[in-house]
Each structure stands twice: as structure tokens, then as C-alpha cells.
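What follows is chain A paired twice: with chain B in the first complex and chain C in the second.
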Partner chain A sequence: MSIVLDIIISGVISGSIYALLAIGFSLIFGVARIVNIAHTAFYMVAAYCIYAVTNYLGWPAVPAMFIAVIFSVILGMVTYKLLLNPIREHEGAVLIATIAIAMIFEQVMSLIFTGTFLSVPKLVEDYFTIFGVKVFYQQLLTLGAALAIMLVLLLFLFKTKLGLAVRSTAQDREVANLMGINESFVAMITMGISVGLAAITGAIVVPLTILEPHMWTPPLIMMMAVVVLGGLGSLKGSFVGAYILGFAEAIVVFAFPMGAFLKGSVALSIMILVLIIRPEGLFGVYFEEER
Partner chain B sequence: MLLEVSNVSVWYDKAMLINNVSMGVDKGELVSLVGPNGAGKSTLLRTITGLVAWEKDLTKRSTHGEIRLEGQITFDGERIDQVPAHEIVKRGLILAPERRRPFKEMTVIDNLMVGAYLVHDKANIEENLEKVYQLFPVLKDRSHQVSGTLSGGEQQMLAVGRALMSNPKLLCIDEPSTGLAPILRQEVFQRIREISSLGITVLLVEQEVSSVFKMATRNYVLSAGKIIAEGKGDELLENELLRKTYLGM
Partner chain C sequence: MKTILFYIRKLFAVVKNEVLVLPSRVAVIFFFLFILLLPFFTDDVYILRIFTLASIFAIFAASWDLLSGFTGQMNFGHALFFGVGAYGAALLNLHYQIPPWGSIPLGALVGVAAGLIIGIPSLRLKGTYLALTTLAFPIILLGLVFTFPGFTGGELGISGIERLAPTRVQEYYIISVLMLGLCTIMWAITDSNTGIIFHAIREDEIAVRASGVNTTRYKLLAFCLSGFFAGIAGGLYAHFMRIAGPSTLEVSLSFQVVIWAIFGGAATIYGPIGAVFFLYPLVEFMHVLKDYRILMFAFVVLLVLLFMPDGLFRWLREKVEEECPRCKVRNIATRKTCRVCTAPLD
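And then the complex of A and B:
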């Protein structure tokens, strides 16, 4: 019984985190066709930012989170404008540039914070026990925040005019442009939202994780696996794929001896299988080259 | 003239797709642009609506070939060849593009709302929506259906309806009848006539010359990027060479 509960709690939480990351990643891919390898590097930047603000400035955690998210969004938009926008039509170059950006962030973080493992205190320390399983309130808080943010994003996309612009640009940027939507402005805003989602994920995950300059790679692998499983560019796919992988990971970790070591390989195996059997993923979007 | 195209040429790399074209559309007219496949009809519409310039801007930064544009386009007394595509709509010039291109994963109503993107007056949007629903009642019935599941004819109505939502003075329609059953084609043409009678100027690109010549006030025949003839339908049809070589009749 307790193992089932462990799996459910861990699966739902990791699934929500992966969903937040993958949705942000899919969003900017959908709108601007940017495969942003640096996506989880922004997640790392936000996490370190919280560490810096709480430790060096002595600020409380919640305002630190806001600062971290705002800082990352600005960083993301500036990066987009200066480094990605000029080469946007070279898809290969964009991919390489985002890898470079991620590595720069990694190096800058190790220069500033060294490679030591750091951590940020939990917002709430308490936990309760249910069927012998410890559930931290922090875990529930992270879960609640993740779900709330997804809901806000959904409302933004489906209930606002800018959301309409983002959705239509993602489908056919030329026709969106024709209808009066400044697609390059929409791409920049979307970059901000996408990085914002990564930063928020970093902010709500940081109390549950360890900070170190390579912390962006494991979630990157999971996120890529989620996106491949769900279908590149599909928000619904990212959402569903994230929970499938979150649960797959939890099952492997809790139900198999030494399973924690297999976490990454499960994600990668699923990714390879999907690519072989159904390359477009569960809800893949078929992209037609429009002329 | 509402729309005036003067000496416009377009090159995609070394291929000259539009060759020194001059043409115009007067307020209230229904002008057709006909010609064989590959004549440059769509490219001309895309040039007028700013899409070629937009593409040129994009390809400047890519490995694709270079696009070159020459000439001058004025709309409603204002030069628009330097205006970005997304700002041209504001001036009342819009295109219902080739192959209809609805936003396939969005609902019919969302598609129409994208058409009204630059209209800020809610009452005006409602009024336009009412007008579109009156012209195309099927869109009202399907307003919450995802547009990718509509039939070809319905998608065409959506493309025209979406364009109408932007308060156009001049509506360009690119090959609305392609891929439709004959009966649907006649229906689409009928709707275009109705739009024209609402006072909206129409520039229509079509393959189906016989129907178009009956409804258009004036016609241009385009071949290999050049305008080779202009006039009323019956006048053009009198010219046997033109009829056989370029109009396939």
C-alpha cells in the first residue's frame, strides 16, 4: 500500500514539474520553431537566483521567487533578441546557439557559486504521515503551484487576445501576420512566457532539490523525452506525456531495487521507443511547409 | 484608384515571377485576375498584401535564395509597399489566401476572432460577426467546431469570413473555387457577388474563367508574370488567340 502511495505522490509531483517545463518548451517551439536546449538552464538560473537573494540579501523566500522569475524572463527575452532572433531562420544555428547559451549559464553559475551542492530551505518544513508515507507540505505546495500556473496559462491562451495571437501564430505564422498579428513581437512575448514557465518551475522546485551547475541536464533529458512522447509542439501532448513519464519514473524508483539509478534510462528508452514506433508522438502536430 | 500597382517586379533568386506589372482596382469594383498555372497570380496578391516583403525579410537571414522587389503599390492614397504585412490589414486591405489556410486546430469562432484581431470596438466585431453569419450560416452552426474538421467548401467560407472580420475596403481572394465540387463553386461565387454588393471591393484570383468573367466588372489576364490583356469578360473572349492560349476555352 505505502509503495503505491509513494508512487502516486512522486508521480504526480514529478509529472507536474515536467509538464510545466515541457509546456514552456513546446510553446516557444510552436510559435517560433526554436528548439530551446537552454530551456532548463533558465530553470537553473532562477533557482540560483533564489539562493542568492535569500542568502546574500537575506530576503524571505517568496519575494526572492518573484525576483528570480522576473530576472529570468528579462534574461530570456534579451537572449532571444540579441542571440536567437537574428538567426531565427537557420534552425540548425538556433539549436547550436541554445546549447551554447546553456553552457554559458552553467559556467557562469560555477564561477559565481562554485560547484558545491547548495540548497534552499523549504517554505514549510512540516509533513504528515498517511499509510506510513511521509508527505511534506512543501511537496503539496509545489504541486498546487504547478497546477495553478498551468491553469493560468490555459486561461491566458484561451481567454485573452494575446493568447489568441500566440495560438494562431503557432499554427500558421504567415496567415497570423496577414491578419494583423506582429508575429515577431508575439515570438518575443512567447519567449518571455516560456522562460517564465521554466523559471517558475525552478522557483517551486528549488526547495525540493539540490543546486549545482549541472542541475539543468537531468530535467532537460526528462523534458525532451516528454516532448517526444507527447508530440513536439503539442501542449496537450506535453501535459499528458509529462504525467506518463512522471509515473514511469516513480514506478521504476519505488518498485525496483536500485531503481533510482535507472531513472534517466527509463526516460531515454521511452524516447527511443516512441521515435521508432510513432515518431510524431501521441499528439504530434504535422508541420506543413507553407509557401 | 483604391489600389494602384505600378511597375512591380518580383524575383525569387534569379526567377522573375512578376514582370513589371501595373494594374489598379477602383472602389466598388469586382476585378478578376486570371491566367494559367504559375503565371504569378498568387505571388501578385502576396506582394500586394505585404507577404512577399515579409518573406524577403525572413529569407534575408536564412540560407534560402534572395527575394527582390521593385515598384510601387499605393492603397487608398497611401504607399504600402514599405509597410509591414501585419500593418497593411489595418488600412483595410486583406487576403483570403490560397488553399484557404484556416487555423486548423482552432475553432471556427476563434478563427473569425483572429480576423478581427485589429478591431478594438466590440460592437463593430459583433456587427461583423452577424454579417459573416448571415452570409455563411453554416459557420454559425459550426462556430465551436475545430476548423480542420470542416469540409473544403466550409473552410473556404471560413477563410472569406475571417477576412471580412477585419473591416476590409478591399478583399483579395485567392482561388476560392479550387478543389470544390461544381455546385459548391457556384455557391462560393454567389457569396462573392453578395460581398461585392455590400460595397466591399473585391480582387479575385480564379482559374474558373467562365464564371468569373460573368461576374467581374473588369479582368486582368496574367501570364508568365506579365499582364497580357485587360478588359471586360466578353471583350476578352472575343480574342480567339487569348481565349485558346491563355484561358483554355
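And then the complex of A and C:
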């Protein structure tokens, strides 16, 4: 019984985190066709930012989170404007530019904070026990925050004019441009939202994980797997795919010996199996190639 | 005697009329000479080691270009071929005592098998889906490596592999001559009819299929060829470093090869090779900067891309050479008229 509960808790939490990351990644891919490898690097920047503000300035955790998110969003929009926008036409160049940006962030963080493992105190220390399983309030908080943010994002995308612009640009960039939508402005706003989502994820995850400069790679791979599994550009797909892979990971970790090493392998194998059957992912729409 | 003289005269004619007229070809000659004569100028083990590793990675980067640059099948998990080649060669050498000249080609064949295994599911996928799916394969294998440490050595890898040759200079010559040979072969492949089909698949796969070419077969061929060359690079690496560890499968190596290839200019073969020989020693010699060197590396890559998004060596070639608008023959940029058809160049 306790192992089942462990799996459920861990699966739901990692699923929500992957969903938040994947939706952000999916948004910027849909609107600007940028495969943003640096997406989770922004998540790392936000996490370190919280550490810095709480530790060096002595601020409480909640305002630190706001500062971290705002800082990352500005950083994301500036990088987009300066480094990615000028080379948007060259797909390969954009790709390695984002890799280089991620490397720069990693290096800067390890220069400032050194490579040591750091941690941020939990917002609430307490926990309760059901069936012998410790459930931290922090875990519930993370889960609640993730779901609330997804709800806000959905409201933004489907109830506001800017959200409509984002969705229509994602559907067809040229036609959206012809209809009077400022495409490059929408792309920049989307970059801001996408990075903001990554930063928020970083902010709500940071009390549960360890901070280190390489922390951006493991979620990056899972996030990409989620996005591909669900179908590129499909929010619903990212959401469902995130929980599938989150639970798959949790089951492997808790139910099998040596599972911690295999969790990535199993999740990625699931992705490949799904893709062999449905090459466009679970909820992706198959577009005939633009010519 | 007469025939020998004839061939010597022909060689001179070719060198004079075809090689010396174009700066890019002269640069290639200089590159060959530099690689072959390097040990005469220095016997510093450290420098030889850097250029040996650069040769290995040049094969690796060129093999990525053969697959992803030419056919447009974005491979984000190219480290899979490298790692499979390295582990294959290491295991064969350690358990069956097969010497390096046997274990490296056999490791490369394992690379071909890996190319088939990831090529077949990848046939139905396109663009970003393909890129992100291929990223998954080396990570899956890495998970298996960690799960069965008895067979694969786990985190420490497989050590105690036979040396390629007794001295550093011999190792350098084996690897660098192999590099020159293999890269010439890769260039010849891309310059042949097969290469043209690869190129066409990237530009417009449907049109190629409509012209009666079995694109599936050619895409699989590209995966296998690329796997073969990358597998050789992996085997050489294992025998040179005398260890095959998880670092050969890591995501960072897959990203690294993409950086090299696109930095130098994709779909050129010479671009990735040049990029490796430019960036790899650069990063090594920047060790005086200590912790800042990866940062500097990333900045160099970003800046070069911002101003030459088609790649460094393509940009350079565009600067020193011009294509004749009438007969499509390349000319040095200083000429006013084409060297073949005398059409005015603009």
C-alpha cells in the first residue's frame, strides 16, 4: 500500500513539473519554431536567483520567488531579442545558439555559486503521514501551485486577446501576420511567457531539489520526451504526456531494484514506442510538410 | 619510364591549373601538410595528444555532417554511435583479446547496427520529432550501462584496453592518416551520385520520391554510413584513451558534435573538420583561463553564429571565392573574368 502511495505522490509531482516545463517549451516552439534547449537553463537560473536573494539579501522566500521570475523573464526576452531574433531564419544556428546560451548560464552559475550542492529551506517544514508514507506539505504546495499556474495559463490563452494572437501565430505565422498581428512582438511575448513558466517551475521546485550547475539537463531530456510524446505544439498533449512519463518514472523508481538508473531509459522507451505507432505524438496534428 | 613522366607532368598540370588557382584547395593542401608534418616541428606529448583527439573528433563531426547535414535527418543522439563503437571495441579487445586493427572495425560494425536500429523507427519521423527522438537513444543506453555494471564497468567504464601503438608519435600518425583518409572518403561519398541524392532528400523528399528514388533505402544508408564512421571514431578514442566510459554516451557529446558541425558549416564535410581543428585546440589552449574557458567557448560560438549563421568556413569560402554566373565554376574573388569561360564576374 505504501509503495502505491509513494508512486502516486511522486508521479503526480514530477508529472506536474514536467507539464509546466513542457507547456512552456511547446509554446515557444509553436509560435517561433525555436527548439529552445536553454529552456531548463532558465529554470536553473530562477532557482539560483531564489537562493541568492534569500541567502545573501536575507529576504523571505515568497518575494524572492517573484524577483526570480521577473529577473528570468527579462533575461529571457533580452536573450531572445539580442541573440535569437537576428538568426531566426537559420534553424541550425538557432539550435546551437540555444545550446551555447545554456552552457553560458551553467558556467556563470558555477562561477558565482561554485559547483557545490546547495539547498533552499522549505516554505513549510511540516508533514503528515498516511499509511506510513510521509507527505510533506511542501509537496502539496508544489502540486497546488503547478495546477493553479496551468489554469491561469489556460485562461490567458483562451480568454484574452493576446492569447488569441499567440494561438493564431502558432497556427500559421504568415496568415497571422497578414491579419495585422505583430508577429515578432508576439514571439517576444511568448518567449517571455515560456521563460516565465520555466522560472515559476524552478521557483516551486527549488525547495524539493538540490541546486547544482548541471541541474538543467535531466529535466531537459524528460521535458523534450514529454513534448514529443504529446505532440509538438499541443498543450493537451504536453499535459497528458507529462503525467504518463511522470508516473512511468515513479513506478520504475519505486518498484524495481536499480530503478533510479533506469527511470530515464524506461520513460524514453515509452516515448519511442508511442512514436513508432503514432509518428505525430499522442495529440499532435500531422501537417504535410510546408514546401 | 615514359608513362611515369607523363603522370608526373599530368600531376603538375593538375596542381597548377586546378589546385593553385583556388584558395580553398590550397588551404586543403596546407592542412594535409600541417597534419602530416606536425611531429617534425614538435615532440611535445601534450600538443600531439590534442591534435590526435582533434583528429578523432574530426571524423566524428564529419560523420554527423554526412547524416544530418546532407540528408537533413537531424540527429541529436550522435554520441550513440561514438559510444557504441567505443564500448564495442573495448569489450572485444578486453574479453576476446582482438588487437586494435580488428576491434576498431568490428566496433564500427556495431555502430552500423546501431544506425539500423535507430534508423528504422526514425524513418517515419521528421524534423524536430526526429531530432528529439534520436536524443533519447544514447540516454536509454546510458541507463543500461549503469544498470549492468558487471558487464559494462558502470560509472568507471572499461579500462585496461590495449594501446594503439607503443609511442605517441606512432599513435598520432595512425589516427591522423586514418582521419585524412576517412574524411576524404566521406567527402567523395557526398560528391558522388549518392551524395546528390542525400542532398536532394534534405531539400525536398517528396520530389525525390516522385523521381523514382527509394528514399527509405537512402536514408537508412545514410544512418549506416554515419554510424560506421562515428563507430571508427569511437573505437579509436577507446584505444587512444585506453578507457571506454559513460562520457562517450553523454548528452553533452551529442550537443558538442552539433556545435562543431554547424559552427563550421553544415553539409560541407570540410566545415566540421575545420571547426574541430579550430575549436578543440582553442578550448585546450585556453586552459590558462581556467574556469572561464567553457564560457569563452560558448561566447565564441554565439558571436560567430550571430555574424555568420551559415557557418565559419562557408562564410570564409564565400569571401575568397566567387561562382561564375555562367558556367558555375569557382574562381578566386580577385579575378575579373571567369577562368574557364571568361564571362565577367560581378
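In this text, the second predicted complex is superposed on the first by the 281 of 291 C-alpha atoms of A that agree within 3 Å, B and C clash if a C-alpha of one lies under 4 Å from a C-alpha of the other, contacts with A are read in each partner's own complex, and residues count from 1 in each chain.
As a convention for this text, a residue touches a chain if its C-beta (ideal position, glycine included) is under 8 Å from a C-beta of that chain, and two chains touch if they have at least 3 such contacts.
Given the structure is predicted, the values throughout are model-derived calculations rather than measurements.
After overlaying the two complexes on the shared chain, residue contacts for A:Ala100 are found with chain C alone; chain B is out of touch. Once the two complexes are laid over each other on the shared chain, residue contacts for A:Phe29 go to chain C alone; chain B is not touched. Once the two complexes are laid over each other on the shared chain, residue contacts for A:Gly180 go to chain B alone; chain C is not touched.
Comparing chain C and chain B on the residues of chain A they touch gives the larger count to C. By the touch criterion defined above, A:Asp172 lies against chain B but remains apart from chain C after alignment on the C-alpha atoms of chain A.
In the superposition on chain A, contact is made by A:Met224 with chain C only, not with chain B. Once the two complexes are overlaid on the shared chain, A:Leu262 sits against chain C while remaining clear of chain B. By the touch criterion defined above, A:Leu164 reaches chain B but does not reach chain C. In the superposition on chain A, A:Leu140 makes contact with neither chain B nor chain C. When the two complexes are laid over each other on chain A, chain A has residues 86-87, 89-90 in contact with both chain B and chain C. Within the complex, the chain A residues that touch chain C are 29, 35, 37, 83, 86-87, 89-90, 92-93, 95-97, 99-101, 103-104, 106-108, 110-111, 217, 221, 224-225, 227-228, 232, 258, 261-266, 268-269, 271-272, 275-276, 279-281, 289, 291.
Note for the complex: chain C touches chain A at residues 121, 124-126, 128-129, 131-133, 135-137, 139-144, 146-147, 204-206, 251-252, 255, 258-259, 262-263, 266, 291-292, 294-295, 297-299, 301-302, 305-306, 309-310.
Contact residues on chain A toward chain B in their complex (touch as defined above): 86-90, 161, 164-165, 167-168, 171-172, 174-183, 285, 290. Residue ranges on chain B touching chain A, taken from their complex, read 49, 51, 54-55, 58-59, 61-64, 84-87, 89-90, 94-95, 97, 101, 103-106, 110, 113-115, 117-118, 162, 166.
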